[in-house]
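Pasting a structure below so you can have a look.
Chain nomenclature is as follows: A, B and C, assigned in order of appearance, with residue numbering initiated at 1 for each chain independently.
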Amino acid sequence: MSESTTTLRAPAREVPLFSIRRVWTLAISTLTQLVRMKTFYFLFAFAVLLLAIGNFNFASSPAQALSTVKKVSFGAMDLFAWLFAIVATALLIPRDLEDRTLYTILSKPVRRIEYLLGKLCGVLIVIGISLSVMFVVCAGMIQWKEAGYIAEEIGTTENQITEETRQAILLIQKNGFHPELAIATLASFMKAAVVASVTILLSTFASSSLFTIIISVLVFLVGHAHTMATNFWLAESDNSIVVQMLLKLFKIVIPNFQIFSFSEGIVQGATVMPAAIWQMAGLTGAYLVVFMLLSLLTFVDKEF
Amino acid sequence: MSEPAVEVSNLTKVFSTGLSKNYVVAVDNLSFEVAAGEVYGLIGPNGSGKSTTMKVVLGLMAASKGSAKVFGYESGDIRARNEIGFLPENPYFYKHLSGEETLKFYGKLCGLKGSELKDRIAELLKLVDLEGAAKRRLGGYSKGMLQRIGLAQTLIQNPRLVILDEPTAGVDPVGSRQIRDLILKLKEDGYTVFLCSHLLEQVQEVCDRVGIIFKGRMRREGTLDELIRIESQTAMTLENASPELISKIHDLISSDDAAKVIEEGHPRTTLERLFIQIADQNRKEESA
Amino acid sequence: MKALFQKTPRWILVVLGLAIFGLARASFEDRMREEMVASSLLLPPPARDAIQQMSQSALMGTLGGLRTLVSSYLVLEAFGHFSNKEWEDLRRSYAIITSLEPRDENHWRDVVWHLGINATANMEIDESIPEFERKRRFNEYALLAVDLAEQGIEQNPESSIIRQQLAEVYREKLKDYCATARVYKELVDLPGAPQYSDRFVGYFLAKCPGREREAYDHLRRLYYEGEYNHTASLIVEIKNLEEKFDILPALRIPDPYPDLPGPAPRQP
């Protein structure tokens, strides 16, 4: 080849060592990916379920019917949130690796923690949007049913609201829509966020998505048995030292998902304590930080 | 003398296999440099350690021993990656993104934004001749188109060093030629290109210097001119020479006024022949 | 130190990190759990008996944080048992449902209604069952309903709907008016209690042998509390009791219908 006389290119512009913009770019890309995978089609299924349960006449009273609509819809929201958190998180990173998209991303000025955070944020944005939409649909459905039941009660009294009618209406209202249900949605989101961070940690070790999904679901289920383990098994006097030690190890290593199930209490009408919500938000944050750091510990040296 | 674009010193990469204590040495004490502005080709058969070397340079793998630097930065450093544009073998990008969105995504990762990013995307789409397919999703791109959008992606942040892993693998002859022309254009534009390939004819056409790697070790390295020269032979190129004249060429050359020596020097082999010769030599050494 | 860090397998470091975090959060999580259980935000674990009765899938669902979905499914199943008059199955379903969601008063109210009212009514009319067996089962279901209502009240001390249902079982099925009056008395000060509760205390005390005088005093006090209590039933009941105790005319409440012959006492 002949010697060229071209001018060499100038050094690249400096890049920040950590950039929220890069995390955001990766998060939005993950969101786009999940949207174009037609993830939001689930919302149609949810709407159908809600309509079916709303029109299923098996409850003994309007209050019970409303209570059931609330429980099933918020239960389905909770189920969607954690299941989606596991599946989406477990699929995304191995898929990037298989498709070698990871090579092109990590060969750009992107830190590995930025990549992990971007993926986590992307999944959480999808869950956040889905839960918000489902909450609005649910709230609409419950309020519509509630208004219908109240009108029915008033209709039977022929212009005079009796003591019994008033009681019935109060009971319907008690089991109907309350703004606190938004906190129940937030509780499901917090749980899903912790589940996603656990799944990310597992996926930095695992060799396949299937393995990550199975182990994550297992950890999630077992994470609900903290109190039962403490109450039943630790209390058994005939348990050997080894069993007791294993149970204690389980208690400190496996996240306690049970305490993140407080949406159930809210749906059933328990009073929301703002202090508890803030504390749970803090605990969620702690889980996210610790699990992301532990994921980084594995991912930073991972060779592709 | 400007700073080398890539500086690999005594690089060794060892992989352990499974749970046993067996090790595989993928790269063995490898050293070489890629000067700024040149096109350097690292060639070798499959499993020779080319891709591993490249991944260490990119920071996708850590060296077991030795080091790799890019414009003076350690290869794992984010500032090193800021100077690199990388095109992996058979690149797959997000199929759900269009060509334009893909460039936008990578541009944003490199810190570009606004009109600067928009202009750069337009410029690159023109460079790789994909302006017409900019809005199409990559799921519908041919292999050659994917390779070209990949090449555009490598250049998005105007890196000083472009690393290409088998840039023409699986691409048809027309696409292959387009990519080869693009590499030459990159050189003209002042980029440093470091490429791995086993398509020797192409390497011969575009590279200034070549390193031949076998079993993780550098066997030969130099400019193409140095590598393909045959020192024991001399060749002459004659004009208007009759067949008789050729047989008596050296005796007659001084007495025959009609014939004259146009060129005298070392005839060239091809890179391919040299490569096979080294491979044979390697095999003989091993069997001995 | 750096060399040791690099040589240590990552999984050991991760487990170590998890353990340190686990120890740090354990006491906080235990305290949070206790606070949230106390404020009904979290449900206590299902009773052991309920766990043993649950199918594997229901148990998995319960463990997996799907309690509300599992219980809603079981309510649906229980409704099927009610439609088919499968009272034993219904009882088993509700044993699990109330164990899964002990703080949902609707479940307790429903099981008391199903067993105390529907099952007993079925025993009154189902001729496919021998009479002696029907009587035995009638009592069994009514008493079981009372027992379940008491369990529900223990879990939901402020519940008025469980008490209303319990009072109905005592009143309509067991004809235990003393107990009926006691339940209405408990209801009086509870949130969501019907306004008639206090009047009903008096009506049923009047039917409780030996407590008629108490009933009279109670109803009289209500009468003088305000005009909103001057219902026909209350006045009739007071009049009956005035007759019974031969109260001096000056101490009697005014007669709202002086021109009419004494109205017949009305059942509340």
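Here is the rule we go by: a residue touches a chain if its C-beta (ideal position, glycine included) is under 8 Å from a C-beta of that chain, and two chains touch if they have at least 3 such contacts.
Quantities reported herein were computed from a predicted structural model and do not represent experimental measurements.
Any chain bridging chain A and chain C, meaning touching each of them, is missing here; the list is empty.
Summarising the inter-chain layout, the chain whose CA centre lies farthest from the centre of chain A is B. In whole angstrom, the spacing between the mean C-alpha positions of chain A and chain C is 34.
A straight line joining the Cα centres of chain A and chain B is 47 Å long.
Taking the mean of the C-alpha atoms as each chain's centre, chain B and chain C sit 81 Å apart. Contact with two or more other chains is made by residues 301 of chain A. Listed in rising order, the residues of chain A touching chain B in the complex are 1, 4, 6-17, 19, 21-22, 25-26, 29, 32-33, 36-37, 99-101, 103-111, 301, 303-304.
Against chain A, in their complex, chain C makes its touches with residues 10-11, 13-15, 17-19, 21-23, 25-26, 28-29, 32-33, 35-36, 39-45, 48, 60, 63-69, 71-72, 75-76, 79, 101, 103-104, 106, 110, 113-114, 161, 192, 194-196. By the touch criterion stated above, chain A contacts chain C in their complex at residues 56, 58-61, 63-64, 67-68, 71-72, 74-76, 78-79, 82, 163-164, 167, 170-171, 174-175, 191, 201, 205, 220-222, 224-228, 231-232, 249, 251-254, 256-262, 264-268, 270-273, 276, 279-280, 283, 286, 290, 293-294, 297-298, 301. Taken together, the chain B residues at the contact with chain A in this complex read 2, 36-37, 39, 55, 58-62, 71, 78-79, 81-84, 86-88, 90-94, 96-97, 101, 105-106, 108-111, 113, 150, 153, 157-160, 163, 187-192, 206-208, 223-224.
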